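Chain nomenclature is as follows: A, B, C and D, assigned in order of appearance, with residue numbering initiated at 1 for each chain independently.
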Amino acid sequence: MPEGFLEQVINGLMMGSVYMLVALGMVLIYGVMHVLNFAHGVLFTVGAYVCHLLLTRVTGSYALAVVLSMGVLAVLGIALEHAVFRPLRGNLRSQVIASLGLILAIENTVVWIWGPNALQMRIPATQSIVALGELHFNLHLLVVIGVTFAVVAMLFLFLKTTKLGTAIRATSQSAEAALVVGIPVESVHRFTFALSTALAALGGALLGPLFLVFPTMGDEPLVKGLAAIILGGMGSVPGAVIGALVIGVAEALSTLYFPTDYRDSVAFMVIVLVLIARPQGLFGVRMRGED
Amino acid sequence: MKLAAVAAVIAFLYALPAVASGQPYVLHIIALSCLYAIPAIGLNVMLGYTGLVSLGHMAFAGIGAYTAAVLMVDAKLSFWLALPIATITAGAAGFAVGSICLRFRTHYFMIVTLAFGLLLHQVMNNWDEVTRGAAGFPGIPRPAPLAIGDWSHSFGPLAGFYRLALTGLLAAFALQWAIVRSDFGKVLVAIRQDEKLAGFKGANTMLYKTTVFALGSAIAGFGGVLFVSFLRAASPDAFSLAESINMVLIVIIGGAGYLAGPLIGALVYIAVPEYLRAANELRLVLFGVLLVLITLFAPQGLAGLLQSGWKRVRR
Amino acid sequence: MIEVRGAAKRYGGVVALADCSMAIERPGIYGLIGPNGAGKTTLFDVITGATLPDAGRVRIEGRDVTGIAPHRLAALGVARSFQECRVFPQFTCLENLGFSLQMHRVGKTLRREQALRMLRLVNLESYADEPAASLSFGQRRLLEIVGTFIVQPRFLLLDEPASGVNPMLLETLTGFLRAMYQQRPGVFLIVEHNMQFIMELAQELIVMHQGAVLDRGAPEAIQASPRVIEAYLG
Amino acid sequence: MARRFPRFSLFKLVLAASLALFAGAAVAQQKLSIGIVTAMTGPLAAPGKFQLNGFRLAEEEINQAGGLAVGGRKYLVELKVYDTRGNAAEGASAMQRLASVDNVPVVLGEVLAGAAAAEAPIAQDNGLPFILTVSTAPNLTGQGNPFLFRVNAHNDHLTVALAEFVARQGWGPVAFIAWNNDTGRNGVNAMRKLLGANKIGYVGYFNVGDVDFSSHVTNIRTGRAQAVMLLMDEEPGSLAIKQIRDAGLKVHLIGTLAMGSDRFLKRLDAQKLDGMVQYNAFPPNVDLPRIKNFAQRYKAKFGEEAHGFAAQSYDGLMIAAAAMQKAGSVSNRKAIRDALASIRHEGVIGTIQFDKTGQAKPPVYVTQWCSDGRRRVLYPESMKADCGAG
């Protein structure tokens, strides 16, 4: 085992938990509505910008700004679901293409409003360094990971124990059956979209202070989130969690064995290989949307 | 009547350099639109007629472009030899990659094409010794003059290359037309509508899809060669994921599954922004919104809108 | 001619086929019946290569065809229709039939002629140039079935051809199927819930229950079979 | 004569600038459009902005001085700015438009090498002088294009002094974190050539837009690198340094000119930067009148510290103006080209004179951060100066 192996695993788990938030949002939408929303990454970006705006202009409290930005994005999510994704329901190709259009429109609106240069979001409270043996970590990174795992736990509880959560799971199994047993499918869709975009906002708002806030900040999490949900099996929530962690770790470890300028491809080639061996992904029951 | 109109337009376009000799900018924009329309035709055969949404299409244009660049600059081959070799190389690469990607369907297919698009782009960006890396490949020549008997034509000057780009586009268009009219094209359209049914009717869908992937990639590669010869430089960014997505945008806005769709799409994509040069971020916002509106309200794209508008007028 | 040996298939926890064996030795119109979830459509899918069985083999004319690609089965003379009725919606009726013929290497000029003749048989000739999507469901069903016959298959599998077809069209359909069989006898295997329709048509009924063949015989005999009655009522 | 002329013009400019304040309404002058291609959007918008700032400042100063005097007439300079997004095809279209529609006598700018490579041949087709002011890819010049000039030092040249410095310090192995684009890749290749492959340790490339460098940091630690060279712009640069220091890595930091500015300091803190060296084309605090003056004027207009890209671009426009004066024409492109080829211009970045390939060789510097957030000059020897001068 090469030197630094364990440390790379830790690095990978950390980035993996960041990818997780994006992956969870995408997998919820995919599971329930069977929509692959490529615009999820720009919603992540918008979340970060909204949080930055709220933090600097409206409230001085970071926590409040995070929660409010989730609210704003949830509203935006409902609007998008209503205006774009609902009319295109059942048409995979058009949904993907519309979401590509949304990327262009939203990302450039962000550039138009906030300019192309990166903004800094400094939260003094979480700036300190935590030492774990020889390794040092930024406190904010630990906050991100803590919040992510708390959110994942809450999401699981929500899906398993609440009525709405059960309705979401039922709808993702079969929309027709859900309709038959009296679940208001339309409302479930709307709620799922809101939940998903709020998660994207949370991701952006959490990551902003750790790195920077810039117009293309959502691209990388989108691509990695996409990779994660495919690896985990589209539509499987636990699969997305594991998939995100696996992608994060594989990426970090790949720097030990492969030239780093091929790092992105390494992650994707792993996915292609996994898919060839196991087309339903690691946790998927079966492929949906086949015919 | 229709044929005469088309012939007149083509004749006009060929005569344009003589008419508009003082307007090299117009020639440049039309030539560039042609060069975007060629890979768009390749994608239209895949996406519009067969229903294969590839998110890595421009990577194959890149394979053609860089193959030709290396052949012309390093191996000192003539453009006229490099063009077919590079086109075939792009097609072969499309066949190889396609036979992997096409094991997957719908979303999975899109993601796998995206993955290969990323990989190929990284190769162009990272393989410094061959592709000159991220800084781009300067010094790619324009084609040498062609002389057949008394007739000769040089492609170095803008007007000369403009005619070549136009001819290239017409060739690609003619190929598209032939494909769509043929029995082969019928199968493609059947696959787009119901792949499973096409299989039970006796079509070897995998073979057809792989062939069409290779064909689309070859057309893209052909366009890529002309593109870098026109710009006289290749840059990996011209073949990135973003460009592949823009290609999808061109085909959809123009009208997927319409013969003229890629032409209209490329013209709109190149010419309108040139016209709107001032408003930059805004024009990309507009394109994004336009794309969403078209998927929502006019899934047939501009070509479809024009056609139904024309029908209404005639009625 | 068609032989299924020990076919088994599970979807998640649901057993669709369990050690299902069946053989059809001579041409004829066979009805495949059974309660919902008995595995009829899965058996169709296994025979036509749409689904790879977890276990068991399928032979057609002695040749092992288990899990081979549908287009290769089509080349062996197998044609099928679908429960949900599948035609190419954007193709016209003529194009739909023409496509079937094209796949069996019929030349362009012959295609139109043959297709028109078939459309006339089911009274659809006035829709020849209409896209299939504009037809009523019953008409689409007729088109689908005509499309399977037009290539003169030796093995024809129809999945609930009568469902969603109104009584008037049903008569057309029955007459058409009979005429086709008389013209060119083959193995016609028909899944059907409409008992009256299938009793009238079939020479032999094959009853499936819980993923296996429960009983088979002449329609009258099956009607009287206590096992079958129990399966349907239980 | 050729030596004194530009100096005179600069002097005149400054003089005229102050006079213009009193002069009131000037005589109506003719407009002179100068073409600019740069990235205003896209991933390279930030360097594009500094480039444009330099052009804008030069434009303003020329016009405030009453315009550019050529052949007995005065011209007000007007910049025709086109955004290329760093995209080759858009750059080519913009260049074609400037050459034939806007009919400018000279074009300046471009950030991205790939776009510049597509623009240059079109400039050549149209016999239009094209002056690069930021792009550093070495192979741009030397393509046999007589109309292409580059004011700034290219990558191989920029890194020479730094490599010398690193070699003298005996740091080894040197690790890299580099943008996987022309800036990063060319930088790594140049250093590999200059230092020798055996001195090169871990090379970590990342894509534009990546923000997490943790795995690179780990590999640098385990590779026992003594120094890390960061080949990127200031935004990722600040993140990389933060992550390297947060991880407790004790390595020497080596940076690019983007990391030798007060703006960069604002993103981090002096403690994290202490001891970091970087190559620089324009250390704004060097005790030279030309540099100090420019830095002041820039700060007055844009409210921030002068940037090397801006200084190079400012000089680009000024040398174009000087060439037009020397050629005695604002429309004869060939004459302007010939003037450029032979001109010797005292710019704010130093003496600019183009060689046969059109490449200038302005001075390059190595600066170093002090513990108090100021900078010192380490190279060239003749300018060596302590904290506060870099």
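As a convention for this text, a contact is a pair of C-beta atoms (placed from the backbone, for glycine too) under 8 Å apart; a residue touches a chain by one contact, two chains touch by 3 or more.
If you're wondering where the values come from, they're calculated on a predicted model, not measured in any experiment.
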Steps in the shortest chain-to-chain touch route ending at chain D and beginning at chain A: 1
Selected interface, B-C versus B-D, where C-beta contact pairs are more numerous: B-D
Most widely separated chain from chain C, with each centre as the mean of CA atoms: D
Chain centre separation (chain B, chain C; CA means) in Å: 43
Rounded Å distance, chain B centre to chain D centre (Cα mean): 36
Averaged-CA centre spacing for the pair chain D and chain C, given as whole angstrom: 75
Multi-partner residues of chain D (each touching 2 or more other chains): 40-41, 180, 205
Per-residue multi-chain contacts in chain B, two or more chains: 122, 125-126, 196, 281, 284
Chain A partner contacts - residues on chain B that touch it in the complex: 51, 53, 100, 103-108, 110-112, 114-116, 118-119, 122, 125-126, 195-196, 245, 248-249, 252, 281-282, 284-285, 287-292, 295-296, 299
Chain B contact footprint on chain A (complex, rising order): 36, 84, 87-88, 92-94, 96-98, 100-109, 111-112, 226-227, 230, 234, 259, 261-262, 264-265, 268-269, 271-272, 275-276, 279, 287, 289-291
Residue ranges of chain B touching chain C (in the complex, touch as defined): 183, 186-187, 189-190, 193-194, 196-206
Chain B contact footprint on chain C (complex, rising order): 48, 50, 69-71, 73-75, 79-80, 82, 86-91, 95, 98-100, 102-104, 108, 147, 151
Chain B - residues contacting chain D, complex: 23-25, 28-29, 32, 36, 122, 125-126, 128, 132-139, 157-158, 227, 230-238, 270, 273-274, 277, 280-281, 284
